[in-house]
Amino acid sequence: MTIATLFQLILNGLAMGVIYSLPALGISLIWNASGLFNFAQGDLLTLGGYLMLSIFGALKIPYIPAFVTVIVIMGLLGYILSQIYFYPMLEQGVNPQIILIGTIALSVFIRNLILVIWGSTPKTYANPFGSKVMQIGKLYLMPHVIGIVIIVTLLLILLQYFLRGTMIGTAMRAVAQNQTASWLMGIRNDRMIALTFLLSTAIAAVSGVLISPIIPLTPSMGGIIAVKAMSAVVIGGLGSFTGALVGGIVVGVAETIFATLVDPAYRDVFTFVVLVIFLLFRPGGIFRAQISEKV
Amino acid sequence: MSKLIELLRKHVLLVIGIILLIAPHITSQYEFYVVQRGVQNAIHVVGLLILTGYGGMLSMGSAALLAVGAYAYGILLVKFGLSPWLGMILATALTTIIGTGLAFPSFKLSGPFLVITTIGFGEIVRILLLNLEPITGGAYGLSGFAKLFPNVQWVYYFMVITLIFVIIGTERIGRSRLGLALKAIRQDEVVAESMGIDVRRAKLVAFSLSAMLAGLSGVFLANLTGYMSPDSFTSAESTTYLLMVVMGGMQSVIGTVISAIILTGLPEVLRFLSSSRLLVYSLILLIYLRLNWVKSDNAFLKLLKSITKRFGMYTSSTEPGNRS
Amino acid sequence: NNKPESYKIVHLAPLTGDASFQGQILVNAAKMAVDEINENGGINGVPIEYVTVDETSSTTTGIEAVRKAIALEPVAVIGPNRSGTILAAEDLWRQAKIPFITDGTNADTTKKGNPYTFRIQIPSTYWIPILAKTAKEHFNVTRPAVLYGNNEYSKGLWDATLPALAEYGLEPVTIQTYNDGDRDFTAQLLQIKNTGADALFLYGYEAELGLILRQRMELGMENMLVFGERGCASPAVEELAGTANIEGLVCSTTFSQGDPDPKRQEFIKKYEEKFEESLSPTHINHYDSIYILADIIGRVGGNREKIREELSKLDYEGVLAHYQADKEGNLVHTIYTQIFKDGKWQLLLTEEYPVER
Amino acid sequence: MNAEKNDDNLVLKAECITKRFGGLVAVDKLNINVYDGQICALIGPNGSGKTTAINLITGIYNVDEGIIEFLGQPIQGLMPHSISWMGIARTFQNIRILGSQTVFENALLGKGYGNGGASIIHTVLNSASYRREVVASTKEVDEVLDFVGLSDLSNEKACNLPYGKQRILEIARALITKPKLLLLDEPAAGLNSQEIQDLTELVKKINKQGISILLIEHRMEVVGKLADWVFVINHGSKIAEGTFDVIKKNPVVIEAYLGRGGR
Amino acid sequence: MLKIYELTVAYSTVPVLHGIDLEVPQNKIVALLGANGAGKSTILKSISGLIKPISGRIEFCGQSIAGLRPDEIVKLGVAHVPEGRLVFPGLTVADNLKIGTYSRKYSKNKLKANMEKAYELFPRLAERRNQLAGTMSGGEQQMLAIARAIMSEPRLLMLDEPSLGLAPVIVDLIMDKIKEINEQGTTILLIEQNAELALAISDYAYVMSVGELVLSGESREVAKDKSMLDAYLGGEK
């Protein structure tokens, strides 16, 4: 194997990895700001992609307005979901396990909703980043990879700043930790949680819109990506946005190299073995999540 | 009316037993098959109750353990020519060993971390089943193995009897020190270990008990379908099993059994909805979870609890209800 | 005088799950035939009662569906269509003694000696020699490359490829693989490009096929012919790749959109009007399945045993093809090879399958 | 109870134990000896490392340095449950009971798991020996609940208990483990004077049964009444030890901890 | 400043407060005493809106606040240091303090100044400003909870057992501080188990027993009523 092939492999892995990073950011956001691990993030992503398909692909509304419309619709959906579903459950102090399972049930629901509305034929629409492969020396790169890397990095910086640097972001994290206390600080818990969901479904929309020209839309497409994204989140460090990005890339590169050099059939086995090794030897992930339990 | 309920309450096992025993005679062949699947699922899900309900460890790998049980049985019979009974015992034992291995990540991980690990385990098993084609038959599956009894009804009766034993046994475990230890681990692991609970051992036992029941249930599944392929053991199936535990109330064995049987039948009942079937199914689950019927003081669960009380081993000498 | 009220035909097809888009096509095709027959007065005045049952995309639940289908006591069953379900339900059919016509591709399905199994399909491996022949004789291919997915189905096609190419004195210049779920095929395609291949034998599922065809164009390989199996002719591939990107795609199918035969063009028109979507050449043969059953029932009535017997010695000129039963219960039929050229599918050649009776 | 102080009598010996959290030294070369039958108190300003010391002794945290011996045997590095089985029980500074379980079940928790007792087979079969064990431990729990005065609340859900009773329940749960040494972390916090009095009596009663006690407390009236010996720590290390009467006059202790003569 | 009339509160259906009348005059320190479970914390929770009373009126500065959401009440200048501290375990000490001013929308400088004041009050917090609150010792968390409430410069400060788990020196410090804050114009409602301490610094005191007020008056007077105190608070030695 030449150095060039290796670099090409790494580049291909990176291309896949940033795709995992997008939903990973959404999962991290919800985790930070509501203490929930959202197993439906992947399916929300799919939904975003399908909405774009209908609005941009079928209704022929121009790209940017269509993109914005999808983000708005999805944000609204997140708001509604939090208001009629998650906030009431959180408020009643429902066992977190039940809420976790609620997100799993939600994922099944969305997937079947998509199936009923759009059917299961793989679908796609034109790639806004263009589809001419770029050649850099001996290496080839699709332009969307660069686009996604830029958007993911921007999102990451924004989220990082928003959650750590602003009062609202701090308030969101506070709500995730203790709702009685946050009420007493004058925080509207319901609004904060709605905002959390709104943001994370908006991120799902962004992910879906960016990914679906590259990966054909099928009802289960997001679920498959989400499993990898979840692994990425854990490997990167649950709660860390940088971790989500880096974790996604680690997963993408590692599995691409393994698949090419060893055996593609066992690619996912490899990914999960890496995950388990990480969990056992570095449970906090690369960007070790701070562990706050004290006895 | 209340007397009747009281009577039913006292003999709930008997009632369930009788219903299940006469089921083959009052159902069509197709309905009977659904009942059989219900009983088989119930055996599996009761194991998951020990792990998830009592111990609070969410597992999305249970379908994979079911697969291990079913495949081990099939392979032992087809490739090694073992007798069905020996196959059943060895398959269950093998599943137990593999499932016990899953306990090790649980020593360090909980909540979503454990869920993701178990999803990973499930995927690994599925991929292996797909790719180890010479042994497993790959994507086209495995068939052609003998059943425990030549007659389907006998397999069914054997399952029902097994289920009843499993119910009684699990109920007793729930009330024993092990059950209490698991409940303590779920609520506060630090307290549990400080009070002299060997947390790792309890987790190991919980994982192995649930794996054992999954394995056994897998053997029964193989007996029911006579065929298996990897697509029947995806994480989507694991979700369904988890939901069965949740809808059963997370604490009650009888509740879990009833919910397993109902949730097995529900998609069949909804079959007339055609392609929106699963949509309606998941909507029902969402509403159920949202209404928080799982929380411990809902009327249905109270009834279930009072039903299961009579298996109780540890009760205080003070009778409940004689204080204001 | 003791005519039944209706003849019940159950159609088992995946309506939910990942395979449901295929299920929809299967049902559409069959439904169209049923509607036509019933509008024209049914079979000797008796209407067909057409019931669909969701086979789902999983085997265990598929078996439940099979039981449900049997419980409905039909005269015949169309489906199941997933090979797993067919194999799993083998015993049930034998016991139920109901003839069923499937669409599954796995060669084993009809090798179990179950007299009730019929398949309106040709073993997938049979397509390849025809492709090889077309490549050599029609296009003078000299340097073929191979790219296939790591899955059961594609591997089966790959296995048939080497000997088929060898027969025409061809040898692949490079052999590449990918995994289901892969989205970036640059590496493989570039390697193929570097070898100077003039044709590519490509096997896989729709989603990946579409992407590969698109990326092929993006990498400037428009002069390379692509040979594929019938999946390539699915409109889904065209949609995913973009119409411009499937130029030069050659594939063997069970039906050709480019077939000038007026009765087939008529069929395509009717289908596309009725369902408002482009016709997929795969999975539509159940249109003929219904007509075959109707024809038999018209002659022998609703007796399952007689229907089975008739099916086993079938020789029928359908709308889409000519069908003949072989000794294993395959209702084999005409094979078409077509090419996508100048923005539309064009028929290259038709070939009859050699039937062993 | 006054005990002779010699090595045979030593129940707990913590020698030079150290615990760091990142750059912070929470416990710094601390020495603590508890003799048989003694009630010792561990006092010190907030954040001086008292709770951490208890966590080290009970194995919740591992010591970074130092030796902990219990009844002559080293216990550092053991798992918390093993330490519990050896005879060290504790309560928690922030009450940690299983809210949704009954008082009885909470107490029963102290029976532990994995330290003998019926096997699963016996449990599932409900064998005679298992039933005997159940009867015996039920009796034991009832006795302890009686001893601490909770027997009439035995079937109550633990979260419905008033705060003071929850503290007592924690002590009961610890007693079920049959400890030789009982570690109490601020048992009087949040109690009113009546309850404090009851608690003091209870602790004395427990001590009379031959159980040594190490007590953390900020309420000096409790320390004054109970403690035979007092350790004062600050910044993780010992700054003074002695009887309470001596300690409370120690200017260093007054400066760092007691303030205006410590009511 | 704060007036409560006929306040009745129940948890699900169990009534725990039966018609409480209570008044906290401006710029005074009012102590609320009573045995465990008497309902003291419940009164504070009703005032800050965490629980909705069944009936009764709560007036803050002449405005009825019963039934308002907690965040609305906080905005009026009511700060509540709840029992059990309830710091945000996963936020740093500094973030905990910062969030204390959420309802105030202070400028950066003002925020900083208040932060410095809090650190001055509890130097331990300054040392640990970047430590996660959840890893602080019990007493340190208590300090943080109090500091967090003071950050917003409330008009009414309600403290639920502030001395719990604090070293005697710190208790002294806090009592001094409470007085100081009070002198600067903050009204204070204080729950304390340590009756002696509470009566020493408060102007008025109320004594509760199982959901009812049984004794009230100027603290000096109440302190004199030894027998009553003993009866309701348990034997003082």
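Each chain gets a letter, A, B, C, D and E, in the order it is written, and its residues are counted from 1.
Please note the rule applied: a contact is a pair of C-beta atoms (placed from the backbone, for glycine too) under 8 Å apart; a residue touches a chain by one contact, two chains touch by 3 or more.
All values reported here derive from a predicted model rather than from experimental measurement.
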Interchain contact steps from subunit B to subunit C (minimum; 1 if touching): 1
Intersection of the contact lists for subunit A and subunit D: B, E
From subunit D, the most remote chain by mean C-alpha position: C
Furthest chain, CA centroid comparison against subunit E: C
Chain centre separation (subunit A, subunit C; CA means) in Å: 37
Centroid spacing, where centroids are CA-atom means, of subunit C and subunit D in whole angstrom: 75
Centre-of-Cα separation between subunit D and subunit B, whole angstrom: 40
Euclidean distance of C-alpha centroids - subunit A vs subunit B, Å: 32
Overlap residues in subunit A, where contacts from two or more other chains coincide: 112, 115, 265, 295
Two or more partner chains touched - positions in subunit B: 190, 275, 278
Per-residue overlap in subunit D, given as positions that touch at least 2 other chains: 51, 60, 92
Chains touching one another, given as label pairs in label order: A-B, A-C, A-D, A-E, B-C, B-D, D-E
Subunit E contact footprint on subunit D (complex, rising order): 21, 24, 43-48, 51-52, 93-94, 162-164, 186, 189-195, 197, 218, 220-221, 256-260, 262-263
Complex contacts: residues of subunit A adjacent to subunit C: 5, 8-9, 12, 15-16, 19, 112, 115, 119-124, 126, 131-133, 140, 142, 214-216, 218-220, 224, 259-260, 264-265, 267
Contact set on subunit C toward subunit A in their complex: 16-21, 24, 150, 177-179, 181, 183-184, 186-187, 190, 206-207, 210-211, 214-215, 218-219, 236, 239-240, 242
In the complex with subunit A, residue positions of subunit E that touch it: 48-50, 69-71, 74-75, 79-80, 82, 86-91, 95, 98-100, 102-103, 132-136, 148, 152
Touch list for subunit A against partner subunit D, complex: 295
